[in-house]
Each structure stands twice: as structure tokens, then as C-alpha cells.
Amino acid sequence: MNIYLENVIKEYEGKRIVHIDELHIKNGALYGFVGPNGAGKSTLIKMIAGLEPLNSGNIYYGHKPKSNPPFEIMTLVFQKPYLLRTTVEKNILYPLRLRGWTEKAMEERVTELLKDMGLSEFRNQKSWKLSGGETQKVALARAMSFRPKLLLLDEPTANIDPSTIAIIEKMLRKANQEEKTTVIIITHNLQQAKRLCSDLVFMHRGNAVEHGDVEKVLNHPTHSLTQRFIEGELIVD
Amino acid sequence: MNIYLENVIKEYEGKRIVHIDELHIKNGALYGFVGPNGAGKSTLIKMIAGLEPLNSGNIYYGHKPKSNPPFEIMTLVFQKPYLLRTTVEKNILYPLRLRGWTEKAMEERVTELLKDMGLSEFRNQKSWKLSGGETQKVALARAMSFRPKLLLLDEPTANIDPSTIAIIEKMLRKANQEEKTTVIIITHNLQQAKRLCSDLVFMHRGNAVEHGDVEKVLNHPTHSLTQRFIEGELIVD
Amino acid sequence: TRTPPEEAPEQIENPSFILATTTSTQDSGLLDDLLPVFTEDTGIEAKVVAVGTGKALQMGVDGEADVLLVHAKAAEEAFVANGDGLKRFDVMYNDFVVIGPKSDPAGVSEKAPNNVIDAFTAIRETQTAFVSRGDDSGTHKKELSIWDSIGTIPSGDWYVSAGKGMGDVIQMANEMLGYTLTDRATYLSMAQGIEIIPLVEGDERLFNQYGVIAVNPEKNEMINAEGAQAFIDWILSEKAQELIGEYGISEYGEPLFVPNAK
Amino acid sequence: MGEIILGIEEAFLLLISFNKEIYGIILLSLYVSLASTFFSTIIAVPIGTALGMRNFKGKGILIRLIYTFMSLPPVIAGLFVFLVIMRKGPLGHLRLSFTPTAMILAQICIVVPIIVGLTYNGVKEKGNTIRDLGKTLGANNRQTLFLLIYEMRIIILAAVIAGFGRAVSEVGAVMIVGGNIKGHTRVMTTYIAMLQNMGDYSKAIAVGIVLLALSFLINGILFNLQQR
Amino acid sequence: MGEIILGIEEAFLLLISFNKEIYGIILLSLYVSLASTFFSTIIAVPIGTALGMRNFKGKGILIRLIYTFMSLPPVIAGLFVFLVIMRKGPLGHLRLSFTPTAMILAQICIVVPIIVGLTYNGVKEKGNTIRDLGKTLGANNRQTLFLLIYEMRIIILAAVIAGFGRAVSEVGAVMIVGGNIKGHTRVMTTYIAMLQNMGDYSKAIAVGIVLLALSFLINGILFNLQQR
């Protein structure tokens, strides 16, 4: 799904949190959003999901501009994932039920996802008894369950162990390639961005300071802020 | 502070979650706890903090064995940090007020911590308006504010950007070296463990499978599970 | 147990007693009129607790009240006979009236303007709505005795047993366009807002005698026997009797109660 | 104090007597308080939920007003409903006075503010999170509302329990609009008030105990729903 | 319906009349309901908080019982307290019957279960998190309790508002133990009930409006505390 952002401005208490002149998320690409804490990444991704009102500007989804995010075919995993107060299985089933999947199809899909993510033994576990990483994995499995065309992920592997990260990256890559799912992933892990993404957007104080091909941005940043960030320096001006 | 664990067992619903025969946390060391999701790291660290009852076994703090964790001089940062529903400043001040610091000393300490962590502009911000990384930084600043002798950190930099991670690691190293603070940090980032820690404990399914000098464990793991984990393979048996 | 000595002076400083009475004496405003004069005359304060007749008598039995002012002669006499009260004195009377809608569907004002027996018979025959206190109060007892004298235990949809105070029952009868038996004082104090009117009155069977009884002070040492006696003496005095006789004239054009202390 | 012991004894006797009148009173009590709680819930939960999530001008005042109506004296609620449904009142033609329906209406006035206030208060903290989650997973508005209610069930059921507690125990409103008519609108609380006023303490306590026992049953059911 | 308009008018007249009696009634109402809410809060908040965090055998039953006592009919509470404090009752020597103190006691019986139940329900969700945080930051038991109450203030104050609402509006309990004695134990609700019984609807409504206005003020104060 193509997404266009046009003059998007978001302010809190008079302070400008996000300010994007123009940004085009290409259909089928795998975007990484990086940038320091408080840069506005989560706010931006929530605006793309239509969950935060804009102060001004427009966001268009798909070919024909329309301004309601089509959640039938897209979804968002929050930075602090919220699991429903029920079992792991029922959490993952929920979006499938909403979409009227058959019992058999649901059963298969859940089993597959749980297995892939190494969660099989937690199928009937109550969600509030999971560990931090398990919680994040369930939220991700739930989001991927219905094979969305657009996947917005806010630091989805922050609490996940390296081996599982590898699996998840493989799943994302597969969804991207085989099902043409457009993915936007916010991450602080530049290695991950490098491994996973086709495009990179570097955000700083609400602005998309730099964007383009991932190799290009990481290896030849044009903006000094980007450069310093990549070199791991402190960005406090 | 020295900590001894002896035959520590923790079960949930009949399932053994943690089982440590013996573990000695050396005073003044900087420990990394690593291991896959659900290995029991958070449960173990909460038991060390006396917040989870043991099913059996003992934990001793300091030279003389006593079984109540001395929170005057130690603290824990949770995996999901909880900030009080007030300003950033008041969050950081809270442990200092409990310890009866003078207004002047508190003022100085807060200013210093906020500056170090790049949070100065958020001093009077309400805690629920912070970004994910900012929240984590405040929780960490609050924990370090009173210069504890033992610092238990559960994935404290999971949502923090690389430049700030560098600063935080520097602060931890400084506390460890200058104030002889014993630190235990749970992390999924093996690079971080390598940079920061003196000792490493590798946990798997509740057991401290391997522990010892960080270089030794990372470069010459004796246990095949550790080895596979370090190589980033999936550990689902 | 003895009364602690330090409480004694307080007792004298602010002497007060509990007067348990029915809602009709309170709601009609009579006591509001009388008691300030009583307090002025005697320096004693009366605390009025207005409850159902049944509860007022029960409070006497329990020794929770010091003096009773009620209107259920038979029950009062039994109360004294049981040793719960000292002696019963007549204080005043008014009368009961049968009130009902102006349209008078049972035709009682035609057939029996001053014969309650015939009136009740007509109501029963026509099965017109009749709202009963149903709460074992003095008024209820009077009503039951009338039904009894025509050999009826009333029942059926037309007979509404409310279990409420007089004021509420008058309002219910007003709302349901039904009949009820009420004491005149309560009726007069409410006559303004309602559409039902007196249809049967003046029958000697509708006589409503109020009596005063001091509770037996041997019930417990907290009973203020002196206060009770002072109240009885006062309310039976000429002065108080005169005040009772005058009460209501200015507002309703007729007195609500007729004093008849002997 | 003897009355209390006597009352407990009498409560048993009442229940095993299978007296038609007493069972009628109990059933009517249950019918009126359950119906009013049910309709109040249907009205109040969506309102409380919406209030917890929307921001608009004058919301602060509205919330304060709702909290204020948690203090609505039952007698006033009863009087208000009575004036509306009385023969001369605007809804007089419906002939509702002294009927169980009127009692339900009056109790709804009392219970709705309680459930709205408590639901609002619970929802405002994490209502938005849950709504956003519902949306992102593809729930439409109706489905999102159900999701919200499901996730907020602990808070909502506590609100409903508090509302039911008020409905089943209040006497002022049902006394006025119902009239405590024997065999018709007499419920446990009006019966208790009447017995009390007649000085029959032990029987009043007996009925009170029966009321509490029933309430224990109902709350048990609600509590089990909540713990799911 | 005219009575309602008249009632609003009369409410103003009552207030500006500066009639000593009516102000006495208002003040006593406030005193009794605020005092009972205050003591109930002191008793109930720690209990509700502890229940929300501790697990023990029989807790399920205890919670259900507390929920049940949210349905305690005020008349029964009044009767119970009356039987205890009556002259021949176990506390008869204290001479509490027909005093404001007795009214406060009876209301405490009604309000405590409400505040306990609602506090428990709110605390159980994140009480442990906050307690653990307090501990890890070095708070002792007392300080941890204060921290809990501070962080739970939204829920606790809603519970207190609900409790106050019940106290200020109930008539059954204060009528029995207070006796509605003029100039001594007459409060707004007993006055309303009496006026209602006398058929003086508009004055009853007037007093009801004054009661709601006062409650609005009190709730405004509590609401502001809550929003801090």
C-alpha cells in the first residue's frame, strides 16, 4: 500500500512534535524509522494509523487518496503492546474472528504462528502471566495473523532475544516478499535496520531529516545529524 | 554487596520457572544476565529483590546473611517501568525525599541526572506524556538518584537510542568503579554485555547454565546451549 | 449500675425527654406549636420522635421513650395493664372522616353522609378503590373495627393495603381516586393540594381519642420520669388545653383537635 | 439485641414457610431491582464509556454533575417520577402510578448516575488504549465497544454491583411511586420499613437478612462473571 | 410538574431566607454525612487496599460478602445500630440514641462496604506494581501505603464520592437512629421524607435541590483532588 504524507504537523501543548513536509511510503517496501528518543517516531506511526489527530496536513492511503486508514488490511503493534485479558490463543484469534475466518483456518494459522515464534507451550496461558519478550511476541503474532498488507511496528523486538529476533526478521522478510506486505518498523537497532530494511527514514526532533535507500543512508549520510547518530554520538543540542 | 543464592526454586502452577543451585554475586562486580525469552531472568531478579517469594531456597545479602533485601541501599528497575502519576522531577525526587536529603542536595542531584540523560527539558513534564525511551530513562535516573550500592536492572536500555545507551553505560560504569556499586543488568544485547559487564550469567529454562568472566563465557562457552545462543540460533527444544 | 455522677449535672442543665408519638400530631404542626411553650414554661426540652403507633408503643415497651402520645385506646389500655405504662389520660380528640373523590362513585355522600357503616358497605358493594393504612396504626385499627362490624374481612383488587403513613395514604387515594379513612387533622393539613373531599363525617363511631401515658420508669434508669410527668401535667393543664383548642383556627378556620382532659 | 437473634431465626422460618405473600414480595423485589439495574446498565455503560474516552468542552462540569447525582436522595427521585406519571402529570395517561414499572423507572434515575460515574472513572485510564487496539485489529465501532466492555469488565461489573446494591436496598423511591401496596407493589425494603414502623423489629430484620442473602447470590453471579 | 418549578423557586427562597432552622438542618446534614464518609474512608481505604493486594484462603467469600453489604438496606443498618445503642441495648449506657453520633455510626455501616468494595476492585489491578515500586525505592510500610493511596487517588476518590453520595442521600438509617427530632437530629433527607409525607411536594423538592447543590460543591472539591 502506498502512503503519502503531506505537510503533516503534530503539536502537543504548543510544542511541535512532528513536522513532515512530504513523505512517500512505497508499496511493498520495508521501511526502517530510526532516530533518538523523543524524535516523534511513535507519534508519527500512530498518525499514519489514524490514531492521533493531525494538527494540519494530510495522510493518504493506497492509490486513491482516502483519509481513513483501512484496518481490514493493515495494523499497528504498539511500543507498549496491550494484550487482551485472556489466553494467548484468544489474543491471536481475535483479528481472525473479526474477519470471519473459518474455525479450521484459524486453528491452522494460530498453530503455525505459535510454532514459528516458539510460543506453542503458552497457547492456553493467560496473557498477564507472560514474560516481557513473550508478550511482545504474542502482540506481533496477533498483528501478523491476518496477513495485513501494511504492518506498522513500533520497536517490536526491543525485548526479544537474539535468536528469536532472527526468526521474526525472517518472517517479516517473508511477508514482505511473498505477500507484498508493506512494513514500517521503528527500531533503535541500526544493525537490524541494515539487515531488514530496504529504506530508512531518519527522524530528529519531529523532522524526517533524511530518507532513502538503507545502504545509502547508513553508509553515506548526507545530513550531519544522521551521521552523528550513526556514529553513536549523543544528540542533544 | 555480596549476594548468595542457595537452592533457589520458583514454581508457577507446578512449573519450575527458576532453579538455581548456587550463585554468588560478587561485591563490586558488574553482572550481565542473558538468556532467551522466558528463561526466568526477570523472575530471578525480582526474587533477588525480595519481591517474589521463593518456593524453596535462600538468598543472603551482604556479609552477614540476612534475608530482607536492604532497599535503603539497593533498588530495582522493572522491565516495564512504572512512573508515578506526577512530573518527571517528582519521580526522581521520590527516593531522595524518602531518604531525607536536603532540598539543595536534591536539587543538585536532579539537575545533574536530567542533564546527563538529556531529559532537562522534560523536568516538569507529566510522566504519562513521555515517549517510550524517555520513560525508561526517567525510571533509570530515579533508581540511580540515591547512589545505591546494588542496582538491579531489567533490560533498562531496550527502548533507548544508541547514543543515549552509550551515556547510560558510561554512568553505570562510573557508579560501578567510583562508588563500588554492584550492578546486575539483564540484557538481550550481547554487545552491551561485552562492553559493560565483568561477569556473565547465562540462563536457560530457569537454570544458570553457565557463569563466569564475561570474556570467557562469550568467547569460550563450555555449554552447548550457551554456544548456540551466542551464535544466535533458535533455542526451542 | 449507677448513673455516673459527672453526668448528673448535665442532666439538670439540659433536661430533655423523648416523646414518642404518631405522625399525625407532628405532621399537623400541633407539636411545633405547643412544645416551645412547654419548654418556656418548664425549662424542659421534649424530643419528638414521630413514628407509627405500633412502633411508638414498642418504644414504650422497650423503655426507649419516656412518654407516649398516641391514639389507639384499646392498645393503650393494654399497655398500661401490662405494666409498661403508668396511667393513661385523655388529652384531646378529633374525628375520623371518610374522604373520597368528588364524583363519589360509591355514592356514600348520598346514601350515608353520617353513617360510616353504611358507607363502608356501599364501598364494598361497588368495589370502589379503598386505600387502607395497612400498618397496624391507630387509624388502621379503627378502620378494621368498622369492617369487622359489617362482618367483612376486606380483600380484592379494590382494597389497597398500603402500609404507609397517613399523609402518603391520602395522596395515594387522591391519585387513585379512591376512598380512605383519615383523621381530620391530617386531612385538613393536606386539603390544599388534593382533590378528594370529606364525604362521611359526624358518626360517633368516628371519634378519635388521643391519650398520653408515662412509660413505667422501672424499665431502666435512663427514663426521665420527672420530664414525662411534667409533660403530662402540662398538657393536661388548662393553659395547654386552651392552646390545643385554638390550634388550626387561623389556618383552617376550625380547630384540628378538641381538648378533653378531665 | 435479642431481636437480631430472633430475626435470624425468623428469617429461616419465613423462607421455609413457603408463604405465598412473602415469596411474592421477594420475587417482586428481585424483578424490580434486577430490571432497573439491567436497564440502567444498558443506558449507563455506553455513556460512561464514551465519557471516559471523549474530550469536549464542559466535560468537567458534566462529570461533576454526574457525581452529584450519585447523591440523589431516593425520595426526591421517587417524587420526581411520581410527579411525571401521576394522574395529572405529563405521562398520566399511561396509568403508571403504583405499578412495578413506575418503581423500575424511579430506580433507574438513582442507579444510572452511579454506574455512569464509576464506569467513566474506570474507563478513562485505559479506555483509549483498548479502543485503539480494537481499531488497529480491524474492529468496527460496535465491535470496539464490545471489546472495551469485555476488557473493562472488572470495573464495569463493580459499577453494576454498586448500582444493584443501591437499587435493591433503597426504599424511598419505590415507597413513593409504588405505594407499598400489599400483593401488588410491596417489595422487601418497603416491607422492612413498614415492619420497622410497626415496631416489629425481629420480622424487619428477618426480611433484611433474606434480602442480604439474595443479594449475596446475585453478587456471586456477577462476581463470577467479573473474574472470568 | 408545576411542583418542580415551584420547588426550584422555593429552594432559592429557602437559601436566601437565612432561616435559622433550615441552616441548622443543612449544617447537620453536612456534619453527619461528611463525618460518616470521613470515618468510613479511614476504615475502608486501608482494608480495601490490603484486600486488593493480599491473597488468603476465603478471600473470594469475603469479597462477595463485602459486595453483598453494598446492598445493606439503610433501614436494616439503622435498626441494627438502634438495637445496639438503645437504652436496654449493650451500649445503652452511652446514651447515643437519637443523637447525631448515632446517625454517623449507622451511616458508617452503610458506607464502609461501598468504599471497601470499590477500593479493592481498583487496587487489585495495579496495587502490587505500586507497592513493589515503593519497596524498591526504599519506602517503609507506612510510606508505601501513602504511595499507594496517592497513586490510586482516582479510584479511591471515586469510591469516596460514591460513599458520600450514599451517606448524604440515605434516609432510612438516620430516620431510625436519629428520629428526625426537630432542631436536634433533623437532617435534609429526613426533612424531605417528612415534607413528602405531609404532601408539601414543592418544599420537599426545594430541600432536595439544596441537598444536590451542596453535594455538587463537595464533589467538586473531591473531583479537584482527584484530577491532581
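Annotations
Just so it is clear, A, B, C, D and E label the chains in written order, and each chain counts residues from 1 on its own.
The criterion applied here is as follows: a contact is a pair of C-beta atoms (placed from the backbone, for glycine too) under 8 Å apart; a residue touches a chain by one contact, two chains touch by 3 or more.
Being a predicted model, the structure only gives us computed values, none of them experimental.
Common neighbours of subunit B and subunit C (chains touching each): E. Ranked by distance of CA centroids from subunit B, the top chain is C. Interface comparison, B-E versus C-E: the higher number of contacting C-beta pairs is recorded for C-E. Subunit E has its Cα centroid 46 Å from the Cα centroid of subunit B.
Each chain gets a centre from the mean of its Cα atoms; for subunit C and subunit E, those two points are 34 Å apart. If you average the CA atoms of subunit A and of subunit B, the two centres end up 28 Å from each other. Distance between chain centres (mean CA atoms), subunit A to subunit E: 50 Å. Annotation for subunit C: residues 165, 168 touch two or more other chains. Contacts with at least two other chains are made by residues 176, 196, 201 of subunit D. Chains touching one another, given as pairs, are A-B, A-D, B-E, C-D, C-E, D-E.
Against subunit E, in their complex, subunit C makes its touches with residues 1, 18, 23, 26-27, 32, 47-50, 62-64, 165, 167-168, 170-171, 189-190, 193-194, 219-220, 222-223. Taken together, the subunit B residues at the contact with subunit E in this complex read 49-51, 71-72, 75-76, 78, 82, 84-85, 94-95, 98-99, 142-143, 146.
On the side of subunit D, the complex with subunit A involves touching residues 126, 129-130, 132-133, 135-139, 143, 147, 150-151.
Partner subunit B is touched in their complex by these residues of subunit A: 12, 35-38, 42, 79-80, 118, 129-134, 137, 154-155, 158-167, 188, 190, 228-229, 232-236. Residue ranges of subunit E in contact with subunit D, taken from their complex: 1, 3-4, 60, 63-65, 67-76, 79-80, 83-84, 89-90, 114, 117-118, 121-122, 124-125, 154-155, 158, 161-162, 164-166, 168-172, 176, 188-189, 192-193, 196, 201, 204-205, 208, 211-212, 215-216, 219-220, 222-223.
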